[in-house]
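The following pair of complexes shares a single chain, chain A, combined with chain B in the former and chain C in the latter.
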Partner chain A sequence: MKLLLRDAGIGIALLLLILFFALTADHFLSPNNISNILTQITINLILAIGMTFVILIGGIDLSVGSMLAFCAVVGGSVLTIPDLSVFQAVSLATVAAVGTGALCGFLNGWISAFWGLPSFIVTLGMLNIARGAALQVTDARTIYSFPPSFNAFGSQMIYGVPVVFLIALALVGIAWFVLSRTVFGRLLYGIGNNEEAVRLAGHSLMIYKIAAFTIAGVLVGIAAIVYMARLNIASPIIGIGFELNAIAAVIIGGTSLSGGRGSVIGTLLGACIIGVLANGLILFGLSDFMRQLITGVVIILAVIVDKYRERITAA
Partner chain B sequence: MNTNLAHADSAPNPATAPLLELHDIRKRFGGTVALAGVTLSIAPGEVHGLIGENGAGKSTLIKVLCGIVKPDSGVIALAGEAYSPHSPRDAKARGVQVVHQEFNLLPFLSVAENIFIEHLPRNALGVVKRRDMNTRARAALDAIGLKDIDVRWPVERLGIAHRQLVEVARALMTESRVLILDEPTATLTSRETERLFAIIDDLRRRGVSIIFVSHHLDEVFRLCDRVTVLRNGETVTSRRIGATTQDELVRAMVGQQLQKEMTHSIESSARSETVLSLVNFRHTESPHEDGVSFDLHKGEILGIAGLVGSGRTELLRAIFAAEPPLSGTLLRDGKPMSLRSPRDAIRAGIGFVTEDRKEEGLILSMPIAANVTMASLADVSRHGLLDQRAENALTEKLGVDLKLKYGGPGKNASTLSGGNQQKVVLAKWLARKPEILLLDEPTRGVDVGAKAEIYALIRRLAERGLALLVVSSELPELMTLCDRIMVMSQHRIVGSLRRADFSEEKILTYAYQGEKRQTGH
Partner chain C sequence: MKLSKLASVLTLVAATALPTIAVAADKPVVGLVMKSLANDFFKNMLEGAEAHAKKRGDYELKAIGMQNETDFESQLNGVENFITQGVDAIVIAPADSRAMVAPLKKAIDAGITVVNFDVSLDEQAKKDAGLDLAFVGPDNRGGAKLAGDALAKALGEGGKVVIIEGNPGADNAAQRKLGFEDAVAAGKLNLLDSRTAHWETEEANSVFSTMLTAHPDIQGVMAANDSMAIGVIKALDAAGRSDIKVVGFDNVSAVQPLLKDGKLLATVDQFGSQMASDAIDKALAVVGGGPKLEGWVKTDIKLVTTDDVK
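Up next, the complex of A and B:
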């Protein structure tokens, strides 16, 4: 109940933002621009879904940007193996990218849970490891010339809605179900709130912590495939700073950085707010620099609002 | 307060005019009423005992007086002026000081630095005058009889009793009008306690008013001029010490309802089958190779008494494998078992109501139903999917059983009062249908009504054949509930009493005997 109310508040903020740009910026509501926004949101949204799992257990994953590059170059290398049919190439590339993400995520979770290390540090290490690995395996070269049908998939629309965005929405749905309707989700919330109570109730913390990070890794792998399909390249230098956008979407979406509170619906709204804001400001003709500045202000405002809301519900 | 003694004698009024007066102080935290109308007054130079059971509101009251907690309503006057401190610093400036239980020292700083932490002596450049500081700290420690401690040692090198005395020394560095001592003797041995009492007598002669919070009634009778009893956050009575007796105070502390529950004589439902045996069982902090050994029987309520730090909680945690034990054997229904995590313990039919409900027992910001089912999720789910209806049904069923007062299974646990929170913790374990329940301070921070209900519940469980192992610092609680009480001291079982032999005196004799043996060598 309470979670729904929180999400409603963020939803209203998003609607107000949309209303504001609709009234002030030309072409904001044009079908083209809307598809544009949805396409731009997609990658960040997929990453942010995974980040929600990690932040809910009180962790953080700084490595998703680098992992995106690593997954992409692994997937891209498989995709460009000669003599494979398109179907074979795409399925193998997907397995490779998702597998790479899952492995990196597993390592993040296992190392931090097994040795009791803060995930901030472990994933900071992984940030460098994954980036280094991506550069190493490609020798810093960009991979391109993917199958044309794969590239076409990236820009395919259904009634003006990008297919890749629909994939992201489906992932939101699955994540929502897992978090709110399963024992697994219940325990993730429990761990984020009070780890010791969950442990003393007979649950192994390690499994759940590793799972949360692995899920984040899997989503990075999926995001990597979507990224390649959209931009038709896989480069070891993509994704720099993406982790911060993903974290921002989660936080603006009302998930508490200390864990245990929040929802993936909030994350969806948070990612939309960031996307709409960026797009609207571009339509205003503001520079990229100003855009960044304003996004930063919004993040801080979101956290302040959240703090107040917390106090009100506590009282 | 500069009236000289002669003057004070000739005119009784100023001397008896209270220095500190509290009128109808109230405070709520969320759904919990911490203070429900505390009224008391203290004359200059008076030593005023403040007693009450755990959760009666003593700590909250102290926090109000030293500016950590702001009361919701009520008036405090200090020397006739309104007093509402907004920070401990502010309270100190007005002359009100608290000696907390040992935790307020900075472990890695030296004893001298800790004593002077609030106003380190500095030269013109702001550099600490170390030698000056050490000399003055030396004098301060000598004054309270801590001659064998080097002021340059880091506090972490000191034992708990010495830390407590360093706290006292720190408080004495500033002149105060009101000094509040929060359970100052809990960690002291008898020699140090004597020393502390001498210091208190000295302060009293200098006109300092002292609030002395203690669980030990004999200390209160020795030291205090007057005593106030709190119960459920309310002042029950305020008496001159000469005009009351220990019995009267105990009655005032526990109240009528509990009184009835306590005098209620019970039939033991202990049976002959042993459900749990420990043989030379040793937890990780136990200094003794032979550990502890005892048997727990079906339907038995076995109490563990002992001073704070005697190893009671550690023992329960080791049985539950919250911290896996170091060595020894645990037999469950006669079969040796190696429990390596709480998960194993729960599978072996053991439940554990922890001492610290907020940190270990409950997830306050999650719904009551989620808390109740936390240890039995398999029963309210199918293939990993939660069945909310089953979850709510289980919660409501246990809610009726335990007389839980709550807004609904979907409300957060934080909305409940202390007693009802504790019932949720109990419900969590009862949902697992355990055969053995470990209870660590089961009624801490619980109001009297709920306490009586929890006692009745514990008895009912024993009748159903559950074996209960109860740790409590409240002797009346153990003596009311248990079939048998073991006394722990220094991580060892030093005595065991059957119900017919129960007396506070015997239990305390055992508890302190162990202490003395320790300090002897």
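Up next, the complex of A and C:
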């Protein structure tokens, strides 16, 4: 119940923002623009879902932007292998990209859990490893010329809703179910709240920590496929700073950086707030510099609001 | 055990370090400083320079690049390392027109021949630092005007256009924007909006989609590099707008299919692979006792259209 209330507050903030832009910026509510916003938030949303798992256990993953590039170039290399049918190429590329993400995520989780290291440091290492690996395997070249049907899928719409966004939404649904309706999910919250209590109850912390990071890695792999379908290129320099946007979506969505509190529904709303802000401020005619400045203010406001909420729910 | 390991590491280090020192003694060393090596443009440039070094054979090439277009720090460190190593010449495409002035001044004071190519250093910043340095490079403004003129010709007077700019603060971004604006004025086009997408594909895709919402009547787009033109063209595909014409800049290999399909009206080739080699030739001439370079040594530029890729 408390959780629902938290999400409702963020939902109201999003609605107010939408209302503001609807009244002040031309074309904001046009069907085309809404499709645009949904497309524009998709990649960040997928990354933020994974980030929610990691932050809920009190961790952080700084490597997702670099991992996105690594997954994309591995997937893109497979996708451009000659003499494969489109179906074979796309399936193999998906397996390769998701597998790469899962492997990086597994390493993040395993290394930080096994040696009891802060994930901040371990994923900082992975940030460089994945970027270096992406540059190494491509020799820093951009991969392009993907199958036309794969490319078309990236801009496919169903009643004006991008298919890639529907995929992200389905992932939100799955993540919500796992986090709130399964023992596994509740234990992740438990680890974020009180690691010692979970350990004393006889659960292996290591497995759950590894699982959270691996899930984040799998989602990076999926985001990489979406990226390639959307932009028709895979370059080793994509995704710089994407981890910060994903973390921002999670934090604006009301998930506590210290772990144990929050929800993936909040993350969905957080990603929407960032996307609506970015789009609305351009339509509003504001410069790019102001747009970035305002997004920063919103992140800080979200954390301050969270502080008050914490006090109220604790009382 | 530990000692023997240390010894073997030391031998390894010595083995890798010694040959460079030995070579440095008889051939001039040229330090080539480039921008993002993950951009095809600089990648081609590096390969051109490596082939050139092999062909000439009378100098040693040391090349460094950056992680991404905005990673000024590593360029700065690269220049400082070259000064420490005592190279004979530094040939540099500065990441920022102002930030690189001070370290290059230091290099010149250390007796190193410096050639500035690709992006010109800021005139005022050079003056403030008391630096007198020639520029070897293309006319970015003129090149952008060529692309803009091609767009203006295709659209006719009154055509509604937008500009997608490069990094704010970079001189070539500013020059290309000016060139596009020259074309707008000359072709009597109607400029609706102009925004940066920091040279990046994904950002250009998002920014342009939103511009298209604000101005559905856009007829033409001028992108300050091809990476951003690719993002714009994807946004047009997604919106089902085949009526909008796009021009880019750089002529990277990723846009060849787009030129062929007519999705990209034109781009500009500034022969990046030759540019570094040309600048190296000029640097070596000065190192060998030739006269100091002065002013602006212009390099070739060419408009590339569908006809050139067929």
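In the analysis below, the second predicted complex is superposed on the first by the 315 of 315 C-alpha atoms of A that agree within 3 Å, B and C clash if a C-alpha of one lies under 4 Å from a C-alpha of the other, contacts with A are read in each partner's own complex, and residues count from 1 in each chain.
One rule holds for everything that comes next: contacts are C-beta pairs under 8 Å (C-beta built on N, C-alpha and C of every residue); 3 or more make two chains touch, one makes a residue touch a chain.
Worth saying up front: this structure is predicted, and the values here are computed from it rather than measured.
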Fit or clash - chain C, chain B, common chain A: fit
First, second, both or neither for A:Asn193, with chain B first and chain C second: first
Winner by number of chain A residues touched, once chain B and chain C are compared: C
Touched partner set for A:Ile237, first chain B, second chain C, both or neither: second
Which superposed partner A:Lys209 touches (first chain B, second chain C, both, neither): neither
Chain C versus chain B - closest C-alpha approach in the superposed model, Å: 31
Footprint of chain A on chain B - complex, ascending: 30, 320, 322, 341-343, 345-347, 352, 354, 359-366, 370, 374-375, 377-378, 381, 384-386, 410, 412, 414, 428
Partner chain A, residues of chain C touching it in the complex: 36-40, 43, 67-68, 195-196, 200-202, 205-207, 209-211, 213-214, 216, 230-231, 234, 237-239, 252, 254, 257
Complex interface listing, chain A residues touching chain B: 1-2, 181-184, 186-187, 189-190, 193-194, 196-204, 260-261, 314-315
Chain C contact footprint on chain A (complex, rising order): 26-27, 30, 32-33, 36, 39-40, 131, 135, 140-142, 144-145, 151, 154-155, 227, 230-233, 235-238, 240, 278-279, 282-283, 288
